[in-house]
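Both of the next two complexes hold subunit A, though its partner changes from subunit B to subunit C.
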Partner chain A sequence: MKRRIGAAGLSLFISATLVITGCAQQKILDKMGLSVVIGYDRVDKDRLLGTNVLHQFDPMASESVQIVASTAYTSKGTRDKSNLEMAKKAVSGQLRVTLYSEQLAKEGIINLVDTLARDPTIGARVFLAISKGRAHDILKHRYPEFGNIGTYMYQTISQNIEGESMISPTLHDFMHDYSSVGRDTILPYLEQRGKEGNELVISGAALFQQDRMVGVIPTKEVFYVKLLRDRFQAGSIEISIPREVLGKYMKVSQKKRGNDPIFLVLDTLSSSSTFKLVDKNRPQINTEIKITGRLQEVSEVVDLSKPEIIHKIEKAISQAMMNEGNKVIAKLQKLETDPIGFGEIYRSSVRHSNLTRDKWYEMYRDAKLNLKVEMTLVRTGVIE
Partner chain B sequence: MKSIGKPGEHQVFSTFFLFWVIIESQIGMGILQFQRKVVQVAHHDAWISVLITGGVIHVVVWFMIRTLAKYESADLYEIHQHALGKWIGNLLSILYMAYLLLLGTLVLRSYIEVVQTWLFPEIPTWLLSSSVLLLTVYGVLGGIRIIVGVCILSYLFSIALLFFLAYNLPYADWRSLSPVMEANFQELIIGAKQMAFTVVGFEIIYFVYPYLKEKKKAGRYTQMGVLYTTLIYCLVLVLSIAFFSEGQIKKTVWPSLSLFKIVQIPFLERFEYVTVSLWLLVIVPNLLLYLWAATRGMKKVFHWNQRRSVYLSAALVLAICLLLKTNLQIKFLGEWAGQLSLYLVFVYPVILYFIVLIRTRKQRKEVK
Partner chain C sequence: MFFFRKKRGVSQNKQSSESSPDLKYIPSSKKEMEMVIKSVLQDDTDLVIKSLQHPGKELTLFYFSTLTDRKIIQKSILSVLQNLQAPSPSLEEIEASLPIGEVQVTESLDQVIQTLHNGWTLLHIEGKTNALLINTFGMKERGLTTPENESHVFGPQVSFNESLATNTGLIRKYIASPKLHNENLEVGKITRTKVSMLYIEGVASEQNVNTLRQRITELELDQLIDSSMLVQLIEDNSMSVFPQMMLTERPDRVSAFLLEGKLAVLVDGSPYAIVCPSTFIEFFQTSEDYYVRWNMATFVRMLRMIAMFLSIFFTPVYVASLTFHYEVIPSALLVPLAQSRAKVPFPPLFEALLLELIIEFLREAGARLPTKVGQTMGIVGGIVIGQAAVQAGFTSNILIIIVALGALSSFTTPSYMMGTTIRIIRFPMILLAGIWGGFGIMFGFCFLLIHLLRQSSLGSPYLEPFYPIRLRDLQNSVVRMPFPFFSKRMVLTRAEDKGKFNAKRAKQKKDIDE
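Let's look at the complex of A and B:
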């Protein structure tokens, strides 16, 4: 009998404790302002301008987002200051994109990114992006074609990553590359365009030296960085080949159009790459990329039923990709940034290299990086 | 040799379940943060260190089982009394009890630290620790069979989490693992030493042994359990090295939780929150086993009522938990306990085996 009372008492106590445990700070959605995008700009020598784009849950509100900006010395400082002018508390659990202005990125952004990684409420999949001009201007602008700049920006980036035309710029990727020895971050570069800046475009990718932005490449060149850095599973590209490749199969009327190149669009690209370190003293890395894809569009009438024409096209595409790719690599070497991760390849193939970043940049500058591409056209669509 | 409190028929459990008891005792708070300590020394070859530690454990477990097999049905406390005499034996038993309670405290306090860092920074330590300890007291009072049941349940819940690690695969860069064997022998050994504290817990075999139905099979299931945990640790470590860059692991406090950070399911965006909550199920068997083993000792050494000693040890654990205020203090105590465990769990069983060997041989001669 005594024992039974003890058990009942214990279970009562446990349930009471569980109820008390429920009293941790409540988070009621209606009282929260969910930050979706935060933009950072440099105001003066040591002050930051933080622009917070918040979701509005109030059905009576005229706008679906609220934008609050304030200046402080640290990023979390701007958030605290922003709270002073808000009816709801800003929380960052739903943060999707952080936008840094180009000017700020050129000084280095690790301190700002570090606080994101330190904060357990922020997910590892938050996108980082760089804005041409002030981030504040991009976020503050009223775009007539879309209401919510926050989710629009997020979807623009995420859609392009899924479509494989951008390289994944998540917080995790940034921190990974930042603290690795042989790979640099690459982030999407956003720009306002069109009449009165009413359009928001990913116009390229920002290149980094660890956490310091050193340059921009256009989206066309991002393709080659992605080709070398990751692998393609479903990407697409528009590429040009010289007209004379198919000269002999063309009608006289087509030949007359002069020397304009022929444009091709390839999609469902899938690629695999092998890297080989040939020389470790004066680094030489030979890269071979095998890529398969489907021909989707040709800017000229070509008879695709003949195997030899297909072979000619394949060869021309391989050649074109090789040339372009090598050009991009040379450009990256000149900027001393290594988004492809040749340094990691070097580190993983040389024993006891004790590679450091400085050592690698030194070697990278005049490393011989050769690219070879082998293209196979798997199919040409439903008509020949 | 006869032992004092030989467990009755209704208290023993099938040796087969020992497999899960060993797994649950070895996996606790350590698996959330071990990567960093090992990678700091052995770099990307850290997984070899884990395998070395695993190998060493197999040997130590062999010694433990051989020691236990010298007696019909005795636990460590009785072996101490028999082999080392009343005074030295009991002194060592007390040391072992203190060590077990220290392990329990560390598990509990570092779990609370995780909850406070990731979920509720404002929740007071006393609230969480007292509620978890109440649960533990309730479980320990249920007896060893209840504890074994909890171990199996906890295993079933927590093993599901492993599958979610597949979300990391697209982000994994397997190049990070090569060149294999770049770390030298010394670094690998130091790495293995760093690893040791994470995988302690298997010494629980010293205390559950009398409660096994078929004692002959104890060695087999313990070794299987140890192998299984080693492989899990190795898997998690390999995945972490591929997923993070080396510099990143060195800075991340709970790399395993950060691994779960990338998991995103349409209806659940932040999976690590689920992991932290579910982790309570992983640490409860830990606490149950440690507290139970310690109270067995109090019964054998001081002849206390086990019920009273359960309350007492829970109060003690709670008190130490409350004393540990900052992350630094927890880390310091953890390192200290790590050193202690190295001697108590890895070195001492081997010595004990030889002492027991000599003692039993002497006895046999006397009988003749």
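Let's look at the complex of A and C:
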């Protein structure tokens, strides 16, 4: 009896195998056009220009990418239209970067990002970026120094995130910041530079108020945002301190060079920060940041073996960072964008705050946000 | 087995006796005896009947010239009988004068016929109803060689041959104990193959011994050639692809298993011993694991497990990810993978099946061809077909590597039976991967897991010690702990005597200077 059930089960299994086979939709790798980067631009009032950068695997092809652009009213609409001029079906399972033009980003991009987030084939680690000028121009350009603009752009961004000079702009981060009250997104800002625009550079970071871009800060200032927003584990920075600080220890010849600041390069930076809400009615948040790092390079000859000099340098760096940091915070306040997440600190410190975005932006504008930095130089390198 | 069912202990067919009732006993006259023997054995040309005229009595020898040692008959029987001084020697006197150990007195004709086939010689004395049976067996047997299928770098280098006596002796050499029991059984109505069941009394579970004895003796079978056939008949589930009892050609391994409380079965004419009960994991172990240090053994065992999983899942994962889940391919791998696929005209499923088939063809051809030709064909065929297939755009480079790796890892399985099983289950896995992608692989894996969970070996769970979890046996599964951990016998065998030695005392080291 048991055996007979086994036979029946087996025949059922075989017939099911034959019948249900059609249910799984095949997506064979070599029949797919794999998008690496998709760029979006505003064409007119309600039409989008979608630029698709696809892998070109044909060994006979001279280019390693295929670039297809088309206009439609929605992002998926542009993809469908692009399919009309492609031998392979465009799919976004291997998407690495989506690029939005500055103009588009200023109108708000949540519609375009939301569709990415709801697509199960797209991972949460896709990078979002903003282009200065049209995304189409950046993607369409033929760069002589690298073959595949798609992977190049992806590697440029990911390399800088790993090197801690850029804040992580993944789809996951965007959606998280978008949906949380008191924290705003910050995305890398890419631009073409050089002769004939042959270079692709991350020139700064685009600031957002929710999904709407409100401004740009240069990479130098991104450091302070990152310092306050995340923590450093192995970053590096070039910073300047006034010449007077070390004046006492300098030779006469060095002093003669006038008042140019001294430049220092710090690396293997690691930081930790503590925030404290002092006043909740007229928000005042005191931030204390402790940084340790290694002094890698100094633009002047300084005797680094003396503890007092090191101590002076540490103090000067702390002061310089504090000034710069406070300037950046003031700038962010003026732009009414909060990429650091002071709002979240407020919300988590005040019970039943019922904080809404509008309420926070109003408070944020004239909140007192004080930054204190304490720098420790752990090493100055190896002396033979 | 949908159509043929094993019958165990249901009905015992009537023993068909070939000799009629009046011929059950040995006739006293020589002529009658000759006629009887000739009528039973028809006219076998290798049957020798030699009469000796001795004063008083006529002595007659019956034996098969092909089964006996001519020297024994000449020196130890014929010359002794010719020199007999007594005028009419009695059976007992003759027996005493023969310089041979195994001599029996018999009256039964059945026994005579049977023992003649085993190489014994019958000495018939005119006028007596009982006769002497003398063991004169002398067949050329294959010398003891190094194990071929379970070859080890380290440890004893001897394997069984086709002689039951030699094989039993090899085991007795390892276990010089009166507790080693050797039960003689017979299988096959025609072949009447001698089968030995070995176990250590007081160690092996009595229930296991009884079960195995019953399974062997109650087999309804007319012939038995090899132990690999017997194992298929006495296994718990003959329908499964997984072997449930171990076949091994190493006497050291059998001995080690016997000492764990397992049972061994030797079949005359077969160089493989059956060992049971066995678990799934044991098919991935070798006796060399005990001869090398425990850390190396553990490393190698883990290596084999990785190889098994690679062998089963590597090609299916390739097929599934290329057919359904292009999203999971890492971006660094994407370009080389897609470029090597660009020229291939088939979908990944057919590409993979084709290449797996080629590998299997090569393996089968290599196994069937004479040794010298086989090696050349294996290597050259592999390279030529592999290279040419890629250049012709039949398959992708990467798949060649994957398939080769899968085949290679399937050969790391020490048991030939299990290795074959693993290679076979790869095919349905590839099909499932090609039809349903990752879901299909998961389905196949669950199917296999459930199947394995349901299996048993001589009534013991097949997936032990993983399920049910047996901590003591886990120490000797994927890992091999140092010997002081093995102070107790396996839980699996339900041994009568569970302890091997006192663990506490074993750990004390007494050096002379202390």
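FYI, the second predicted complex is superposed on the first by the 361 of 384 C-alpha atoms of A that agree within 3 Å, B and C clash if a C-alpha of one lies under 4 Å from a C-alpha of the other, contacts with A are read in each partner's own complex, and residues count from 1 in each chain.
Rule of thumb we're sticking to: contacts are C-beta pairs under 8 Å (C-beta built on N, C-alpha and C of every residue); 3 or more make two chains touch, one makes a residue touch a chain.
Not measured: the values here are computed from a predicted model.
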(message) With both complexes overlaid on chain A, does A:309 touch subunit B (first), subunit C (second), both or neither?
(response) neither
(request) Name the contact category of A:123: first (subunit B only), second (subunit C only), both, or neither. (result) both
(message) So in the superposed three-chain picture, is A:277 touching just subunit B, just subunit C, both, or none of them (first/second/both/neither)?
(response) neither
(message) In the overlaid three-chain picture, which partner chain does A:29 touch, first (subunit B) or second (subunit C), both, or neither?
(response) second
(request) Please indicate which partner A:57 is in contact with in the superposed arrangement: first for subunit B, second for subunit C, both, or neither. (result) second
(request) Classify the contacts of A:93 with the two partner chains as first (subunit B alone), second (subunit C alone), both, or neither. (result) both
(request) Applying the touch criterion given at the start, work out whether A:154 contacts subunit B, subunit C, both or neither, answering first, second, both or neither. (result) second
(request) Please identify the positions on subunit A that touch both subunit B and subunit C, taking each partner from its own complex. (result) 17, 21, 24-25, 93, 123
(request) Would you pull the subunit B residues touching subunit A in the complex into a rising list? (result) 117-120, 122-123, 127-128, 130-131, 134-135, 137-138, 171, 173, 175-179, 182, 244-248, 250-251, 258, 261-262, 264, 269-270, 272
(request) Would you tell me which residues of subunit C are touching subunit A in their complex? (result) 1-2, 322-327, 329, 331, 334-335, 337-339, 341-344, 347-348, 435-437, 439-440
(request) Mind listing the subunit A positions that touch subunit B in their complex? (result) 10, 13-14, 17-18, 20-21, 24-25, 93, 120, 123-125, 172-173, 175-181, 183, 344-345, 348-352
(message) Could you list, by residue number, the parts of subunit A that touch subunit C in their complex?
(response) 3, 7, 17, 21, 24-30, 32, 34, 55, 57-59, 91, 93-94, 96, 121, 123, 151, 154
